[in-house]
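The structure is given below, and queries will be raised subsequently.
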Amino acid sequence: MKPVVIRNIERADPQGLEAHGVSTVHEAMGRFGLMKPYMRPIWPGAAIAGPAVTVLAQPGDNWMIHVAVEQCKKGDVLVVGCTTDNTDGMFGELLASSLAARGVQGLIIDAGCRDVRALHEMKFPVWSRAISAKGTVKATLGSVNIPVVCAGVNVNPGDIIVADDDGVVVVPKKIVTDVAQKARKRSDEEGCKRQRLASGELGLDMYNMREALAKAGLVYLDHPED
Amino acid sequence: MKPVVIRNIERADPQGLEAHGVSTVHEAMGRFGLMKPYMRPIWPGAAIAGPAVTVLAQPGDNWMIHVAVEQCKKGDVLVVGCTTDNTDGMFGELLASSLAARGVQGLIIDAGCRDVRALHEMKFPVWSRAISAKGTVKATLGSVNIPVVCAGVNVNPGDIIVADDDGVVVVPKKIVTDVAQKARKRSDEEGCKRQRLASGELGLDMYNMREALAKAGLVYLDHPED
Amino acid sequence: MKPVVIRNIERADPQGLEAHGVSTVHEAMGRFGLMKPYMRPIWPGAAIAGPAVTVLAQPGDNWMIHVAVEQCKKGDVLVVGCTTDNTDGMFGELLASSLAARGVQGLIIDAGCRDVRALHEMKFPVWSRAISAKGTVKATLGSVNIPVVCAGVNVNPGDIIVADDDGVVVVPKKIVTDVAQKARKRSDEEGCKRQRLASGELGLDMYNMREALAKAGLVYLDHPED
Amino acid sequence: MKPVVIRNIERADPQGLEAHGVSTVHEAMGRFGLMKPYMRPIWPGAAIAGPAVTVLAQPGDNWMIHVAVEQCKKGDVLVVGCTTDNTDGMFGELLASSLAARGVQGLIIDAGCRDVRALHEMKFPVWSRAISAKGTVKATLGSVNIPVVCAGVNVNPGDIIVADDDGVVVVPKKIVTDVAQKARKRSDEEGCKRQRLASGELGLDMYNMREALAKAGLVYLDHPED
Amino acid sequence: MKPVVIRNIERADPQGLEAHGVSTVHEAMGRFGLMKPYMRPIWPGAAIAGPAVTVLAQPGDNWMIHVAVEQCKKGDVLVVGCTTDNTDGMFGELLASSLAARGVQGLIIDAGCRDVRALHEMKFPVWSRAISAKGTVKATLGSVNIPVVCAGVNVNPGDIIVADDDGVVVVPKKIVTDVAQKARKRSDEEGCKRQRLASGELGLDMYNMREALAKAGLVYLDHPED
Amino acid sequence: MKPVVIRNIERADPQGLEAHGVSTVHEAMGRFGLMKPYMRPIWPGAAIAGPAVTVLAQPGDNWMIHVAVEQCKKGDVLVVGCTTDNTDGMFGELLASSLAARGVQGLIIDAGCRDVRALHEMKFPVWSRAISAKGTVKATLGSVNIPVVCAGVNVNPGDIIVADDDGVVVVPKKIVTDVAQKARKRSDEEGCKRQRLASGELGLDMYNMREALAKAGLVYLDHPED
């Protein structure tokens, strides 16, 4: 593959998915698209949804992130995958200032991040696999806006990224509308379920599980087997 | 082993062990019973002690947690082990609402947890090996209230679980009273020791270590060896 | 190697390196000396710089930390390496009280730490590889103030340790003055760069990257290749 | 818990379980009792089954293995758990010579092993979590023949250990006869199944899966969805 | 995503890529498409290349592998990804007998494998992330022949999988011919280079590196700096 | 630190340390200097000892290995550390041909290695942290023959590296003669000990452990405590 920057990508509309949260969106998709749980927010409380600008970078080299900044628009989420596992601090306060100036909502990086206190103070959210001050070089090309695998999920440019304290989920462009509908439905239903459970109703009854459990062979005993 | 739910377990009395903290209780037991350090609280500051209701679950399947809720009483701590290493989000806000309604103090799960912001807001404490939005199925039976290995420790139903920011320790039913006594003694002594050390007295002197160190062969030099 | 305590080490002057932060100091050194990113602060917000008192300890044995306390002076940073990977809680509130009484700034330990809530309350900073209540023995000698490898970096007694939320970096004694100068220069320049980037100027232009990228073969396309 | 050596344990009879192999025995038990997959043989091809003599050891300290040797009889399998994760080389050629002299069949150790070439030459089988030359001390007591958790499984003294190239499984004393019967049955049936599958019959048909799959909602398409 | 089996996939022609080996093919692709290095052969010496039949499976559930067998043809390579990290033994001798009967060349599975000795004896090659006897259920649907991420790489049905002792690389359908050409060229050139290097010529000279190194600032000294 | 190649290093004489093996040499040193156990030979059976030529490399960049070849002499062992954790295949058949032509005994690399089948056939031994076909760039300078931390141990150019199936140990130049003497003594004594243990004498008696165990408080019981 030759190094390339794709300039005019098609962006999906996030349709307010951040309001439903990662867990609900992931369920609404049929339990797909979730990045591996090692992707953690560097500070708690952020919740975003926006179209992906993607970067494929060499380990320990953040040259292509500088290139990608120019391709970002207001509302985008920058997604960085690496050609091999790496935890170096490829992103910090300076790049965040640049992205914030363009209205980028946040960064998802399958590598390390640094200047975490400054990023928290400027309220720029980052989900990364590590916090590391390790400096990087600018020596080898990668690509911008090609499909990349980031933390175990294939991300196409323009796909919607939803991220909060539970992690990061990727919604493919074509299904965003469908997922948004289902997520709204789940959110509505969950409020009701939560109320019933909080009032003491058992999930066993609310979900009608008792028959299926008995059929599967579950046995209740009053004393431990010996 | 056939899937089974044991209904009427014998519960030990926690005897206020949460006041002493995990580190002190673990020392009072003779340094046993501590879960592996990958078990971390999803929010800081909680400190609990209560009898274990135990669950053995299949990876990626939270059916048995729903079953276990019904077996929980006020003051219990739910403990979930898996038949294989797994980080899926087997527990979230809905199950927490259900457990809270029954007066359960918290959850210890050798797997993942989700809805962490909501759990923090409702002050429901969880110690888990991961935070993950990964949804789970309800397809395969496990057991409730059998002995389970959770994060490296064997837990019998009714054993006392003590958990705080330092981790999770398991106190077997039979020795709770003895451990509580020793923990109280340690807590009392530690206040005094802390004061002496804080005033500048050296541990070397307070613990009379100098002779043993010399006997073991420790040498003091004023210049580095070459 | 025989167990030894070196008493009168030469300490470098930290020259206010904590003000620049770990990432800047690491860059000022030419990107060397950074400990592995698994070393994390047990509470956020601390930033320290001071000369290292070093300990080489056996896994699960904190005897030599007790020995090292006596060798510490006001402003020192205690650095503990282990002869093998270990996460046991070798350090807690009592040792912290002792170190604080001597004016020690903080602890860097390639093992576990416990009593983390108390340590936060007393504002004693620790960077460790784990939080663990696992108690330790006092049975086997190690050494104090010999060169130790801690989290992947060779530390000589008296070297300057800089630690903050980004991690831990080690500045060898001989180059502290040079590094401090370069760090100041970087800090000064970064303020200006940050302002330019925040105002919308691209790094591509500010760093004159466009020519080098073109020369390396980077291609811009308006539509994805098929 | 006080350090203790239990001298006269009750040993189960292995009933030739090594002939069926770990995978079959584990299935015959209902898929329980398997140690974590990080436990690997240091040389391939060994297959053993015998009653466990158990050791609980301190990390980096093999004193209790020396103590345990005396408690071993012909046909036993020595099982070593540690109070915390450790990879040190707690076992080598000398201890193997001693165990071999007593007729011990092999070692299961949740830590490291060394002298692996010599152990291969003398055909002494070891399943360990690591190969490491790291030497250990003899400084702190543990116990022999108490229940220990080894690689995620609770092992009682006298339980039957089955180990081969697929890993290690623990069969509790009380169910050995039942497991042996079921394992024989499975072994017999597997020969027949293998023959049918090798001749081209599909598992889908042999196990009658098609109806269940359809009922669960599986759809077959001739062209990828777009 | 709904569970689906795509029946008639388009298969690329492997064009003898196994002869060049994974490292050469990966270089010929421009250093893309390599699975993570945790994917290891369960026995050494196999080298295969063939079109992928893909499976997306639930952790601890091998139902869809049974489904996939029917979709395999002579020369295929079965590729199994999981919806979450898992090491359970989802594949063993019986499934291998079934695949071998259909002429399948081997299995790539981002999970565990068992019966490894039998698989070695029948010369059925498997690349997996773990060896584990852990049995699996047949309870939850996944899909066959949809794009899956396996060990960090996106695999489309029909893509060519090349695997040997160095690992596993995925060649997208569209570029197989181009990659085969480049791999042949590299193989031809490597023989010549190897000969020159083996005769003592330095890579520094053969690749004309000296000027670039000097330009980058490399300095040669005869004595260590102090 | 500026990139530098030190040309004329002082080499220690290995004094036949390979004959004693890594475990014995490590004990003879007083249990120091052992690399972490993730360093494994890519093929079994090699045993070497020779002076280190050291390389500090950037992750994913093997430029400096090419530079280092020229500095190697007959009998040397090449040692490569990285500035950050990395598993890329920085070394393969071509570089091995070049090193073999200069009489280099083997490679120790805290990163990945590829072409492992070819390396086995040409009997060139490598100890690495991973096997990976991942190709590397030649873009960024590092250094040759400066002190490097490799797999947790500080290595100075010219130090003696001893490596076999048990791992890799580093013997500092100044103590080689002393270590060689002690290793010989240990080897001599071990033969005798092995014979006594193989004849059935217990280590408890041979090492006179019984008194120390009793003094430490070990208790023998004939029936399990309840």
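Labels for the chains are A, B, C, D, E and F, by order of writing; each one numbers its residues from 1.
What we mean here is this: contacts are C-beta pairs under 8 Å (C-beta built on N, C-alpha and C of every residue); 3 or more make two chains touch, one makes a residue touch a chain.
Keep in mind that this is a model prediction, so the values were computed, not measured.
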| item | value |
| --- | --- |
| Chain labels contacting subunit D and also subunit E | B, F |
| Given subunit B and subunit D, the chains that contact each of them | C, E |
| Centroid distance [mean C-alpha coordinates] between subunit E and subunit B, Å | 41 |
| Where subunit C and subunit F are represented by their mean Cα positions, the distance between them in whole Å | 27 |
| Subunit F: positions in contact with at least two other chains | 2, 31, 83, 85, 87, 132, 134, 140 |
| Which pairs of chains touch, using the document's own definition | A-B, A-C, A-E, A-F, B-C, B-D, B-E, C-D, C-F, D-E, D-F, E-F |
| Residues of subunit E touching subunit F in the complex | 21-23, 26-27, 31, 34, 37, 40, 44-45, 164-167, 169, 190, 193-194, 197-200, 202-204, 207, 209, 213, 216-225 |
| Subunit A residues within the subunit C interface of the complex | 2-9, 63, 66-67, 69-70, 87, 89, 92-95, 97-98, 100-102, 112, 114-117, 130-135, 138, 140-141, 145-146, 157 |
| Subunit F-touching residues of subunit C, taken from the complex the two chains share | 1-2, 29-32, 36, 83, 85, 147, 149, 152-154 |
| Sites on subunit B touched by subunit E in the complex | 58-61, 83-88, 132, 134, 137, 139-140 |
